[in-house]
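Sharing a structure, written as structure tokens. Questions coming.
By written order: A, B, C and D. Residues from 1 in each chain.
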Amino acid sequence: MSSSDIFIGETIGTAILIVLGGGVCAAVTLKASKARNAGWLAIAFGWGFAVMTAVYVSGPLSGAHLNPAVTVALAIKDGGWANVPTYLGGQLLGAMIGATLVWLAYYGQFQAHLTDKEIVGGPGAQTTSAKAVEAQEQGAGPVLGVFSTGPEIRNVVQNLATEIIGTVVLILAVLTQGLNDNGNGLGTLGGLITALVVVAVGLSLGGPTGYAINPARDLGPRIVHALLPLPNKGGSDWSYAWIPVVGPLIGGAIGAGIYNLAFA
Amino acid sequence: MSSSDIFIGETIGTAILIVLGGGVCAAVTLKASKARNAGWLAIAFGWGFAVMTAVYVSGPLSGAHLNPAVTVALAIKDGGWANVPTYLGGQLLGAMIGATLVWLAYYGQFQAHLTDKEIVGGPGAQTTSAKAVEAQEQGAGPVLGVFSTGPEIRNVVQNLATEIIGTVVLILAVLTQGLNDNGNGLGTLGGLITALVVVAVGLSLGGPTGYAINPARDLGPRIVHALLPLPNKGGSDWSYAWIPVVGPLIGGAIGAGIYNLAFA
Amino acid sequence: MSSSDIFIGETIGTAILIVLGGGVCAAVTLKASKARNAGWLAIAFGWGFAVMTAVYVSGPLSGAHLNPAVTVALAIKDGGWANVPTYLGGQLLGAMIGATLVWLAYYGQFQAHLTDKEIVGGPGAQTTSAKAVEAQEQGAGPVLGVFSTGPEIRNVVQNLATEIIGTVVLILAVLTQGLNDNGNGLGTLGGLITALVVVAVGLSLGGPTGYAINPARDLGPRIVHALLPLPNKGGSDWSYAWIPVVGPLIGGAIGAGIYNLAFA
Amino acid sequence: MSSSDIFIGETIGTAILIVLGGGVCAAVTLKASKARNAGWLAIAFGWGFAVMTAVYVSGPLSGAHLNPAVTVALAIKDGGWANVPTYLGGQLLGAMIGATLVWLAYYGQFQAHLTDKEIVGGPGAQTTSAKAVEAQEQGAGPVLGVFSTGPEIRNVVQNLATEIIGTVVLILAVLTQGLNDNGNGLGTLGGLITALVVVAVGLSLGGPTGYAINPARDLGPRIVHALLPLPNKGGSDWSYAWIPVVGPLIGGAIGAGIYNLAFA
């Protein structure tokens, strides 16, 4: 694969991943969305099939890493780091494009949601929901969850552990399913299996932190949240931002290590 | 493929697409349906597996476009426009047949729903629901959503953008997955992957407009809504009707353009 | 295939189909079930994966018809009727075994549900729910729906039409997907696709009648309902029983006819 | 396969099975989980895709039994018992590791849930929920369900029967789908089909007992529940513990017997 194919493939693929993944969060969260309150199962399937779509589209160009944790795990497994910066650059750019497209697709819903006094409170208004108070204390506005993850209970050790465990499961599935299949995880069935593994991780390990399990998926949209001209958007919760970056990278390294010890 | 195979395949396939896709909207919406209020996840899976069923049935005859946006994208990609009118004709006819079959299958439910005073209000009655008032102002009766899509917030630019983004994702998946598979998107797994991409687009980008992403899927049933002798059906919202036709066609062209630039 | 393989395969397969399909109805309906009120999506996926399980288990023995409408459609398509009685006998016996196993697996739940005064009313008690009153007027006790289908609105023409339309979709998918695959609908992916077609039919066309789309699936469990010593079970609604038998058989014949005209 | 590959594969695989399967129970049950009250469909899909992930990861090493009932059924089918103790040891160890990882990933949620006076009652407080009273009479604390199964209605004969029926269905699918595929149930599609069979069994036969259908899945986490320093955790319900061990083993033997009689 050429460097430009890698960069373009990862950019397009991660943009699709985030426009669909961030999209389902917008769909379930925002006022005036037909899918509002569709529930956690919709979130988990939405992100899973977002991964599937992105994998099948970008696979022929870049091999469909779409996730720095996957890129790092494959570099550890194969011992080749030359293309890693190209992969990471495409992933971060793609995630930012995807998050911007979510804002475009849900433009009116963001406006309606963020100017609804019952939801965010106007200037001088009381924030009555306990969850909204906590979110504002953390600097997180009410729609940050459409862009990035955040924990239900803030605890650095637990939050890191949850992200690490989820990412190890993902990485082991990606590495071994690739071997079962045709060696690069992109065989006829590889994208579908990976999608359903992501559904599983979401249903099972998403409860505490919202399962970033992918640094680009969290950091790119968080940057976009900080830049977009959204009314009443609140802070971007930068104090938490390192956990969904570092946790998945540690998980990727541990997953590759387990793979090299037990499966290689 | 012969012209008659193309026309028959697209007619049968699009009829199946709409009888199942429109059917799930009827099932979730109408009074006296066992599936009433089954929720957005039921809508998204219902339309996705409708696509899958239609693709597998019509694939051997016509290649299973079932969507003018797909037909246009493939014509741009391959540079061949000769069969395009045959495809479009079969798709529109099939969509109209499918919508009529939904009416037949849910005949009693339509009658019960549309003559329920609490739901539609009788002559001279007050329409109390704010959403019903808004719908009537737009000329859209309460069951139009079983036939055609409509936006939660009317905004031509956003509504077009949402339909374009959703269609670009669909088209990229159809074109590249076909290459991964066996070249025409109809391989053993192609129909299933396309189905789950449609589930993804529905869950993620369906919130603002109801994701037509297919001109025939929207226009054909809208014509049938205008023609059917449904009591208290209200208008067919023709002022919106061009958006779910033009948006997906633009999306198909953009998708094919991205494909030709990045993947070909 | 030998006659005994056909009979044993259809018996085991249809028993699995009904123990899982009837099981999900019991799970969602009965008091003291962990899955109570899990909703229509659970019903639709439950029946779909029931079909999938039964197809993969019985395929090697009997070709996994599991449904008289499929058997009749294949006989029309291929012109061979010699094995039809063997298929039908195994299907009916299997359906009765499956329904009996549902009763065994949910024995305590049936007892708790049917002796709960709030649900069924005791001797001399008032049946207060309008739906329960209607059900009793039809002779249908409150748990008949665990065994057999029934319409929300009784209308012979519509009820037949709904069953016919659903069965035509199923039969077209079975016949053409078989051709796409490996000729008998039992290839590696055939059972999964058939399962998801059944999910689609359930989500989309199940609202009015509960989608029997299979005479054995409805008649076998109805006989078992009539025979089992369930307290307060009410009648078995024999006046409706012919519709989910005749409708699917007509649908099977129409589906085979369309196939022979358009696809053969 | 070497003994060490079998042991390591089963340990890793069953740990993944339980961290995801137990994880979805924690996600849906515990306070301060984003997925709380996501419903039975989330449980059923969560366990199904947990099985899928574990099968694809451990398949290349150990053949992915992950369940003593599968190991026993294959031993009966093939007449080879030499590796059975290695399989069972890995499965039990893996299940205990997985349950411990659930506790780590949901550490704060366990603490918040078990110290919430409204949920568990403090020292001297009244347990007001009828279900909580019943659970405490059985010695089962409110979060035991995250670890192990328990019946809605205690009835040894029915509880055993439900577990046996569910396991027979699972075993027949594993044995015959293996033959359809490539002889060991681990072909490209084998893991996905097995996953969806587990979803089916959960939706359809999970209502009465919570569908252990796997002795290691129930016993390993129950031991961990007894050992973990959880506040107010209540008893581990050892009086019920033998049923989800013995029932699935009987079901595995019956399933293998049916297979040998009808399919071999």
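In this section, a residue touches a chain if its C-beta (ideal position, glycine included) is under 8 Å from a C-beta of that chain, and two chains touch if they have at least 3 such contacts.
Computed from a predicted model, the values in this text were never measured in an experiment.
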| item | value |
| --- | --- |
| Equivalent interface positions on chain C and chain D, same or different at half | different |
| Farthest chain relative to chain A (centres taken as mean CA coordinates) | C |
| Separation of chain C from chain D, taking each centre as the mean of its C-alpha atoms, in whole Å | 29 |
| Between chain D and chain B, distance of the C-alpha-averaged centres to the nearest whole Å | 41 |
| Contacts with two or more other chains, residues of chain B listed in rising order | 39, 41, 188-189, 192 |
| Graph class of chain-chain contacts, one of line, ring, star, complete, other | ring |
| Chain B-facing residues of chain A, complex | 8-9, 12, 16, 19-24, 26-27, 30, 32-36, 38-39, 41-42, 45-46, 49-50, 52-53, 56-57, 59-61, 101, 104-109, 112, 186, 188-189, 191-192, 195 |
| Interface residues, chain C side, partner chain B - complex | 39-41, 44, 152-153, 155, 158, 161-162, 165-166, 169, 172-173, 176-177, 179-181, 187-189, 192-193, 196-197, 199-201, 203-208, 210, 258, 262-263 |
